[in-house]
Structure formats: C-alpha cells, structure tokens
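Chain nomenclature is as follows: A, B, C, D, E and F, assigned in order of appearance, with residue numbering initiated at 1 for each chain independently.
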Amino acid sequence: MRILLLNPNTTEAITQRLLAAAEAVAALGTEIVPVTAPRGVPYISGRAEAQIGGAIALEMLAEHHDKVDAAVIAAFGDPGLMAARELFDIPVVGMAEAAMLTACMLGRRFAIVTFARALGPWYQECVEMHGLTGRCAGIRMLDEGFSDIAEVQEEKEAVIVQLAQRAVVEDEADVVILAGAPLAGLAAKVAQRIPVPVVDQMGAALKQAEALVSLKPRKASAGTFRRPAPKGTLGLASALAARIEHR
Amino acid sequence: MRILLLNPNTTEAITQRLLAAAEAVAALGTEIVPVTAPRGVPYISGRAEAQIGGAIALEMLAEHHDKVDAAVIAAFGDPGLMAARELFDIPVVGMAEAAMLTACMLGRRFAIVTFARALGPWYQECVEMHGLTGRCAGIRMLDEGFSDIAEVQEEKEAVIVQLAQRAVVEDEADVVILAGAPLAGLAAKVAQRIPVPVVDQMGAALKQAEALVSLKPRKASAGTFRRPAPKGTLGLASALAARIEHR
Amino acid sequence: MRILLLNPNTTEAITQRLLAAAEAVAALGTEIVPVTAPRGVPYISGRAEAQIGGAIALEMLAEHHDKVDAAVIAAFGDPGLMAARELFDIPVVGMAEAAMLTACMLGRRFAIVTFARALGPWYQECVEMHGLTGRCAGIRMLDEGFSDIAEVQEEKEAVIVQLAQRAVVEDEADVVILAGAPLAGLAAKVAQRIPVPVVDQMGAALKQAEALVSLKPRKASAGTFRRPAPKGTLGLASALAARIEHR
Amino acid sequence: MRILLLNPNTTEAITQRLLAAAEAVAALGTEIVPVTAPRGVPYISGRAEAQIGGAIALEMLAEHHDKVDAAVIAAFGDPGLMAARELFDIPVVGMAEAAMLTACMLGRRFAIVTFARALGPWYQECVEMHGLTGRCAGIRMLDEGFSDIAEVQEEKEAVIVQLAQRAVVEDEADVVILAGAPLAGLAAKVAQRIPVPVVDQMGAALKQAEALVSLKPRKASAGTFRRPAPKGTLGLASALAARIEHR
Amino acid sequence: MRILLLNPNTTEAITQRLLAAAEAVAALGTEIVPVTAPRGVPYISGRAEAQIGGAIALEMLAEHHDKVDAAVIAAFGDPGLMAARELFDIPVVGMAEAAMLTACMLGRRFAIVTFARALGPWYQECVEMHGLTGRCAGIRMLDEGFSDIAEVQEEKEAVIVQLAQRAVVEDEADVVILAGAPLAGLAAKVAQRIPVPVVDQMGAALKQAEALVSLKPRKASAGTFRRPAPKGTLGLASALAARIEHR
Amino acid sequence: MRILLLNPNTTEAITQRLLAAAEAVAALGTEIVPVTAPRGVPYISGRAEAQIGGAIALEMLAEHHDKVDAAVIAAFGDPGLMAARELFDIPVVGMAEAAMLTACMLGRRFAIVTFARALGPWYQECVEMHGLTGRCAGIRMLDEGFSDIAEVQEEKEAVIVQLAQRAVVEDEADVVILAGAPLAGLAAKVAQRIPVPVVDQMGAALKQAEALVSLKPRKASAGTFRRPAPKGTLGLASALAARIEHR
C-alpha cells in the first residue's frame, strides 16, 4: 500500500525526520510518499498559520490523493483534517489524532509535551476538537527559544525529557506524547528515560493509516462526511478547484 | 466608527443582503464597509469550503484591517474567526458567535434554523467551538433544493418559519436564530410569526462589533491571542504575507 | 432609549460608580435611569444575600419596567436574572452575563478577578448557570479586608492588578473581567497595566442592553420564558403582586 | 429528632399531603414540624416564583431553625436551598435533591414526571444545579389543565402513570420520580403500575434529613458554606435580618 | 430490618472496624449482618483487584441476599455495585456512592482523602462512574508506607487530618470524605479538627441502606436494572450460578 | 508477532467467528492465538456477567500473557480491560475500544448497532468509560429473540442492516459499528448496503493490537497503570494468584 506523508510545513528537513520515523515502524509492503508544502510557513505554530496551512493541505491532497491508498497530515494540530476527510475518498489520518487515540489504548490520560509555548493553545483546541479533553492530563510546553527548527529535538532533548517526567509526576499522566512535527522520531530515543509509554506521533499515524487501509472502509455516501455536491469556484488552485467542481 | 463587513463568499448579492440587514440596526455614526471575497466559492457550506474560505478571510482582513475599527466575518460558521482574532489588532466578530451570544441573553436555549442540510454539521461544530453546546436546543435544516442562493430567503420563507415553529414546540427553544448569510434580514420579516425572539445574525454581529469598539479593548500582548512573532512565508497573498512577516 | 440601571444593593455610592461607568460608553441618545435597592444589604456577597437580593430586584423591576426599554441588573452574580427575564416583557441583562459574553468575543478563556473571597463561590455558580464553565480560566479573589466598600477599588487597585497579571500568566487567561459592582469603572484605569483585554462589567452590560433594544426582540409567547399565567399572591410587594396577578 | 417540613407554598392542603407522606416513612422518634409559607403564591411553578419563594423560605427558616435538628424545603425545585445551607447551622435538604440522590442508588438514570408544563424548565435547571444532568433520563410533563392544585394527584393519577410508563419505555429510565409537592404520597399508590422503582420525593427527603441528623455533621467554619460574616440589613423580615446581622 | 455489611476484602479486622462504624449510627431495630470475603485479597487497591473483588462480592451476595433487606458493599470503590444492583432484588448500596451522595447534601464539592497513592485512580474512576466529577474537589492521597492495614487509621491519623485540612484550603472542598474501608470510623474521631463536615463512609452507607429499605422500592421489571433472563453457566460458584440460571 | 485472541465467553463457535474476522485483516507474520473462556457464560450480556467475565479474562491472561506480544479481549463491552492493562506487561486492546477509536478516524460520530436489547446499557457504560460519549451518535438494539447465538448474524442480517441504515438517517451517524462478538465478520458482508463506513470490531482490534506491538511501548513503571506491588491472595486461580503475588 502507498501512504501519503503530507507535511503542511515548507521545511523539507522536517519531512525527512517524519519519513524516518514512519519508515521505522512501517509494515512490509508499505510505501511512504513524502511531500512538503510548496507554500506556507516553515512550521505552523498557531491558529492563523493552521487556518492557512490546512487550506494548503487540501491543495496538496487534491494533487496527490488519487495516487495513494491513504494520507497522513503530518502536523500535530491536524490542520485541515476534517475538511480533507469530507472532500476526499481515501482515509486521511491526523498526526495528533493518531497519537492521541493510540495513547488512549496505553493508559487513562495522556500528556502532550512540546517544544514551544506558541503551540499550546492550538494543540489544546485540537484535543477539544477530537472530544478527548477528558483523556488529556495536560499540555507541557518548553518556554525558551531554540536555534533551528530542524535540530530542535537534539538541542532540547534533555529539557523535553524533564518536562515529560514532570507530566508523569505532577499531572498523573499515564502516557506521554512528544508533539510537534520537528520532534518526530524522538520518542524512540528517550523512551527509556520516561517511566510511562511514550507515543511517537508519526509512528502512530503511519500505523493507523495502515490499519485503515487494511480495514477497507468505504467512502461515505451519506452522513456528514459524504463528498459535497459540485460547486463553482473562483481563483482556487487548479487541482483543488477541479475536486470541488467534480471535474 | 468604521466596521468591515467581510463576506467570505464570492456572491455580491449576499453582501448586499448583509449590508441591508446591518444598516437596519446600525447606530448613528457607524459606517459599514462591505467587501466580497475575490476568490473562493459562491457560498460556503461545509468543512472543506470553510477551511478554504477562512484562509481567504485572512487575506481579506490583511488588505483592510488598518482602515477600520472592527470587522465582522459574515458567514454563519465563523470561518477563520479565531485565526483572525490572533493575527490582527482590531476586534473581529463572527456572525454565528454574535448571534448565539445575543440569543443567550434572550432565553435559555436557542435553535438554529437554516436552509440546507449540508450546513448542519458545520454549524454544529461551530456551536461546539464556542463552547455553547449546552445552550443550543438543536439545528433544524431545510431538506429540499432551492433555485438561487441569492433569493433563497424569499423562496423558502414559509417552510423556514415552519421549521422555526417546530423548533419551539418540539425542541423547546426559547430563541430562534435564522442562520446562513443568504438569510440575512429575514428575521425582521418573520418575527411576528414565530412565538419566541428571533435573532438576525447580521444585526447581532453589527451591534456586537459596535459594542466592542465602544469598549475600546486593547490588543493582547500576552495570552493565546497575542500576535505571533514574525515568521517567513512562501507563496502567500502579499498583504497576508506582510502581516505574518511583520513587514 | 431608556435603560434601567438596577442596583440590587442598598449602597447609593455604588450606584453612582455604576452610572459613571455606564455613561462613559453610552451611545448618543441612551438615557440611563439609575435606581438603588430600597431594602436588602449594602452589597450582596453570597448565596443567601443573592436569593434575597434577586427577589428585591423583581420588586424593583415591577416598579420600573414599564418606563424603560431594557434593564441591567447591576450586581455581578446576576441575582434574579432568569426570573426577571421570565416575568417582564423588556430585555433584562445581567452584569456578569454581559461581561462574560463580551469577553468570549475577545479571547478563548476569561479570568474573573474580584476583591473578596466571599464572592468566589457565588460567581462560580453564576458562570455555571450561564453554561460558560469551559470558557472561564478561573476566579481570583483578593484575600484581605478592606475599609469601605464604596472606595475598595481605589484602596485595592494595585493588588487587583497583580491578581489580574497572575491570572494571565498562571491561568492562561486571554481576557480579564474585573468583577463586583464596587469595581465598576476600574477597567479603564488599569487596562494598560494588564497585557490582555480587560472588560468593564457595567460598560459591557450597558452596550449589551443597547444592542438588544436596537434588535427589537419580541417577548416570548411560547418557550420557557413566556410570561407565567396569572396567579394569586399573598403578602408580596404591591407592584410585584400586580405583575404576577396580571392586574 | 425534630425535622422542619417547610412548605414554601401558601397552600395548607399541600402541607398536609407532604406531612402524610413524611409520616408514612418516618423513623420511631422522628417528630415532623410542618410550616406553611405565610406569604407568596399557592404553588411555585417557575423561575420568578422560585426566586421569591426561596427568599421566603429563608424568612421561615430564620423563624424556626433553632427549634429543629434539620429542615426539608418541600418544593421540588429546591427554592433557596443553597442559600439556606449557607446561612443556617442545621442540615437543610431539598426535596428535589433528596429524590434525585435517592434515585441514583436505585438505577442509572431517573425520569422526572410532573403534572404541569410550566414546571419543566425550573426542574431542568434544578437538575443542572445539582450536577445530575447525566443521571436524568428526561422530564415528562402533563400538558393539560387541572381543577384544583390540592386534588391534582387524584384527578390526574391515570395520566401521570401513563407518562411514567412512557418514560421507562421511551427514555430508558431506570427509576421514576413523581415530582411537585402536590404529588406527595402518590408514589406509594401507583408503584405497582410502574415497572421500575418509584421514588416519593417527600419520603426520600425525610429519610435523608434523618440520615444527616444521625451522622451529626458539623457546620462548616471554612469552605463556601461557612456562615457569612455579619452584615447590616435594611427592610428585611426581622428574624432573617437578625440572622444576617448575627444578632 | 437486616442489612448485610459485605466486606469484599479478606481482612476480618476491617470488617470489625466497619461494623463498629455502622453500629454507631444504626437506627433502633436495624440488625447488621457482617460478612468477610472468603477469598480475594486483604484489601482491594486498584483496578485488577476491584475486578476480581467485585466478582467475589457477587458470590457473597448470592449466598446472603435472601436473608437480608438490603446490602452495603463496603469497599470505597464500589466493586461490583452496578452488577449487584442488576442481579439481585434487594437494594444494594456502595460505600463510595453513599458517602458521595451524602456529601452532596452538605456542600457543593467534596474532597476524598485516603491513605495510599494506589487507591487514587480507582477512586477517580468510581467518581466518574457515578457521574459526580463536577461535585468532586479532588482526591488527596497519603504518599508513604504503613505498617498494618488494620491499624493504618491510628498510625496515620495526624497526616490524614493534615491532608483534609489542605483539601479545604487548597482545593476549596466544602465537605471531606475519609475514604477506604480501613479508615471506617475515623471521621468521628477527627471531625473537630477539620473545619468542614466530614462524612464517614460506612455511617453514610448504613443510613442510606436504611433509607432505601424504609422507602420500599420495588425491583425493576423493566429498564436496565431488571434481572437478566436465565442463562446457563459453567464453573461458577454454586450460589451465583443458581442465581444466574434462575434455579 | 503473536496476538492472543481472548474470548471471555464460553462459546467456542464465537471464538471461531472472531478468529476468521481477525485473520481476514492480519498482516503477514501475525500469528493469532485464540482461547475460549473455560468458565463463565455462553455470551456476556450485562453488567453482572461482565463483572464475572472480566475476572475470568484476568485468569486467562495470567495463563497466556507470557507467550504472546499483545492481547485482545474479544467481547464488545471490554470486560476487565483496564484491570488487565494494569496487571500485565503486554499491550491489551478491548474490542469495543478499538472499534470506537478506529471509527473516530472515519467520521465525527459513530453508531453502535447490536442484536439484543440487553446489551445496550452495558455498551453505553463502555462508551462512557472510554470518554467517547460525545463521539457516539447512539446505540441501536434489535428488539426480538433469536434462535442460536452462534448463528445470530445470519439470522438477523437483514434487520441489523436496517437498524444501521436508520442510525445513519435518524441519528446522523457518520460511521457504523456492528457490535457484539457474535457479529464478528458481518461488517464485510453488509458494508455495501450501508451508506457510511462500517467498522468490524474484531478487525479493528487486531489491527490496533498489531499497531501497538509495532510501536513497542514500554510497560509503565509509574502512573496509574504501573504493575501493583505484590500482595497476598486467598482462593484465586493459581496463575492469577501468582501474578498478583509476583511469584
């Protein structure tokens, strides 16, 4: 099976991190197709950037959806996820969603640990969007600058581990999620220093995408995720316009 | 004061309806500045279109925000609202938000009545986003086609009134909101046929925008709605790029 | 338009503070009619006093409702609000309700900051009554005595600002509400020392009352806020008895 | 032990019904002291009347609290309950509260069945006030007039039983509460015609009051139910004024 | 009346503590029938032990239910409670449930204070099972070892009182529940050192069982707590098998 | 990898159905190890049977856990799931949990459709236990007898499909879960007759178990799912006793 790894950020180095984390757990026969956003911001870190990045994710899916069996939107706040699930026929998995649902099977409440304060409110709203507020023990954010988004996981590894340890002791988290695309792959490196299961967001998303492909769900032709009826568009990217117009 | 009436749909006739409804309740001295989306879809009616339309709303705000005192995003599902509130310094009001908060002061639970089934799920998620699920008695949707989005309120007036009446009797609604930009201005015409207060979405939004301007709130320099730090962008509309880059 | 400013406390000096805060934001043509409770307690600060003060507010409304276009119950816990909305035909706004709904348009979560510990539980129950628990970042109360209720806002200004600042940092509040009638008008004085928008309760209530009058909502003749059928009474204040008996 | 049966309605015949229902389950040695409201309305049936009736309940408690070991506020919506619990030293039980808590021990979700549509919204808000919304299967109200409030339980017995039966089948109620003081004592008469446990509101309240007296809880000197500090009053009933002023 | 005091732990000394606490508040004419689990663990302290202990409680009830009028499952997490209520005809009360419902009548929010960290998550899930999360101010657990489960209440009395005092000040608890069967009877000893009402779990449960017996509720023949239809069993304890098979 | 398929029912024919459904989606290299409960009931259908069956599931896991990489508790209400996750070191997945989490990735709200009314309340409590009430559109139960539990899916196929179709239209479900072990494998047969994705409970559980094994989560040594400290036992099944006693 072919799974689209859609990075809605413009930073190619993050795509490479995500790809490595995905390949580390991929099943035999899974081909991962990475794409990096051709426009947008280097890394999404708030509501405005997620609004824009989610729209760009739809443009990217319009270009690629018919060549893959499923897609992962590989930014932690799941920009454009529900929109994508409505507009396209293939399963689409959000990286935050997959990490959180996976964490639910490993404990009662999960903590989200991330590398920048700006990400917290966006992640919080993502937790709420998925209806998982009651399963979330809290969001812990690093409150200091970093040098390079592509290397932030190496630079901040020690303090991120400390945040995770505090989440276990102070927030009574049963599971830890290391959140934010630039942290993809970090879980494996630090798991033994954190006394509860640590979920890698990209690993979880890849396995969930594989699971959905295996289960072969049909596209809804009723309910709130059926494809919208054709509608005219003005000034949209051409593949996206074609999808909306049913051309 | 000057208030931007931002229609994220591309249909100019809807803008005119919104403008008329706003002018009907505007205070002396309020100038309304209508703008219609230069790109997008004729009327937003689902998650995917709202994702795209919300990003376009940000582009429009980036063009106009510095010439007005406040803005109304005049589509009922509030596309781009939280993003706009984060990115810009002026108060930004959502038409759904304003209608619901106003309705809260007129009763315990409000019903949302609209003209197309496709709108329901999007509106429901909007209610949840605002944390008002407990105040919403239900969403009633007309389940039949219409001829012309610009004339849907005349064409369907009778059945919409019937839906509203049923919402009062069957859902125990204390207040009715007639929802969806194409219905702007309808409330005044049908109010006497519905036995509870009927809120006009645009009227409510205009009054709330005026109220916020009068109260002169400062832009947050802390909390989750402070303006994000400058960040590079790639391929975004120029005014929006400038705003994100702090140029 | 004429708006009744109903102070359910017996302290005339608080009425004057409220009046000044209201006049500071009133629209051209708005006439504010202040009344002070003829019986009750100097300032309501708990459940028992609110039960009594709410009943007195109904007596006051029975005296004045037919001479005004709307009323504000100007105590932060909204004593008697739902009862008033049921019994009378004009819009009635609660000061807590108006402040909280206004705050909802300025951020995600608001903090309530007040000057006495006794007020906290009552305010908390008010937040719950309005279904806004999910939008409230917390209630911060000053925990020290004061000399004179009429001057408490000058006496405690510095510590109240500190509480507000802590609410922003520690509770992640996006908006601050300075709560309790004796603090009316304080927001404008301290807004620049608090890094998020500060809502003045009386200012918000006055603008919401104006908005409702402009929108001309009808009195419900169905739903849970229709006027109750006539019923005999025994020993009630005469205007209130007349209203209940439909005399 | 002595338990005050406080009827906040002015109808003596309802007090007698309540007394009979209480005596039917009272323990050996329990003396029930019935009092009927000296002012107010014949029977409370909405928010406004509950606001007034709750204040009157406080006046009645101020007169009688020091001669009894506990009190029951014997109207289903629990008017003045939290206020009474704050202001007085003895345990005070609400009839709705007691019925609902008792029902929680007999099943998962209880239905509330009552004799008049006007009562529904008030009861609903009472359920919410107690935080028991998740345990309530619904409120069913008789939608037809009655001849005499004192005889409504005989007049409407058959239709009330039908409503209860429908609540079991259609709302999946595990327990039924027959609500509204005029229905006191009806549960015992109809229990065998309803296929789930039926809770008598007055019976439950009396047993809960007895239980609290037996457990000898202390009056809080901290927390939100400690007695408020003394405060001056103006124009209140003399016993109530004395209690508030700590005289 | 006869009330079964069912200790699902195997420690006879705890049964004696429970019995003493029950007898201290029992009404004249109440006979308490204590039984100790014949198999299981000395004291249940987590999810796995509660799963097992709940099944054992059903075996014990199958042996004894027809000789008593009601039963109390006397472990704080209420192991097997809903199952017992479904399977047997007599009222069954949980010790946690009874303590929490009783606490609801004494304040707004209760704190649960217990003697071992392992108990916290189980108790938390019990609070959630009863739908009382909104009424719970928090769970405070002693975080240190103890010498002998049968004497833990004497050994740790001072620190448990301190935890309770902190719950009042820091968690704003209106009521304190001393939780865990080994603490039965402690409430009476320490009540005067804690400034809010303290509920004894066994005392509350006994009084609630008495109340239910007095109210004579019928066994449901409909709804979700009707007795399941007969079904074959394999390898179950003989009395339990007989009950399930309707023999 | 080896995955234990633990059927807590005693009906071997159901185990075979479950096994076939699991094998239909298993990855290359996954070995499924089926075990049927040696004692209990033919099929669990309520709270009491789940209490007993969950304890038996623990006995079965104690026998088999050290020979597999993960386990699935293959009854829809997840009997013993949280207990198992606490007591053992391998990942344990519940069939209801897996189906619901998988459904969350395919739509907004899922409907649960099952073959017997008795199952509804147990499933509802399972939904609540997982904190997914907000994602559940409702539970639809067949309300008629069946001939043979092992053949119920063939016998009732047509009416189950009708229930699913009604759930889509009337409950606005985006996804359907066919629930109850005897329905394992039915989803694939009927998927094209239901206009939204249909999740097979066993297929979902198998894929989730595989995903967890691939992600290699560590066993918690802290948090609420760490293994309890050793404790003595009395009269328990020997492997379970050994596990609890750390022998």
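The working rule: contacts are C-beta pairs under 8 Å (C-beta built on N, C-alpha and C of every residue); 3 or more make two chains touch, one makes a residue touch a chain.
Small disclaimer: the values here were computed from a predicted structure and weren't measured.
Fitting chain D to chain F on C-alpha positions gives a rotation angle of 120 degrees, to the nearest 5.
When each chain is reduced to the average of its Cα atoms, F sits farthest from chain C.
Centre-to-centre spacing of chain B and chain C amounts to 27 Å, using the average Cα coordinate of each chain.
Per-chain Cα centroids separate chain B from chain D by 44 Å.
Among the residues of chain E, those touching two or more other chains are numbered 82, 85, 108, 120-121, 125, 172, 224.
On the chain B side of its complex with chain A, the touching residues are 10, 38-42, 45-52, 54-55, 58, 80, 82-87, 118, 120-121, 125, 128-129, 224, 228-229, 231-236, 240, 244.
Of all residues in chain B, those touching chain C in their complex are 25, 27-29, 82, 85, 91, 93, 97-98, 101-102, 104-108, 130-132, 134-135, 168-169, 172-175, 191-192, 195-200, 203-204, 207-208, 210-212, 214-215, 217-226.
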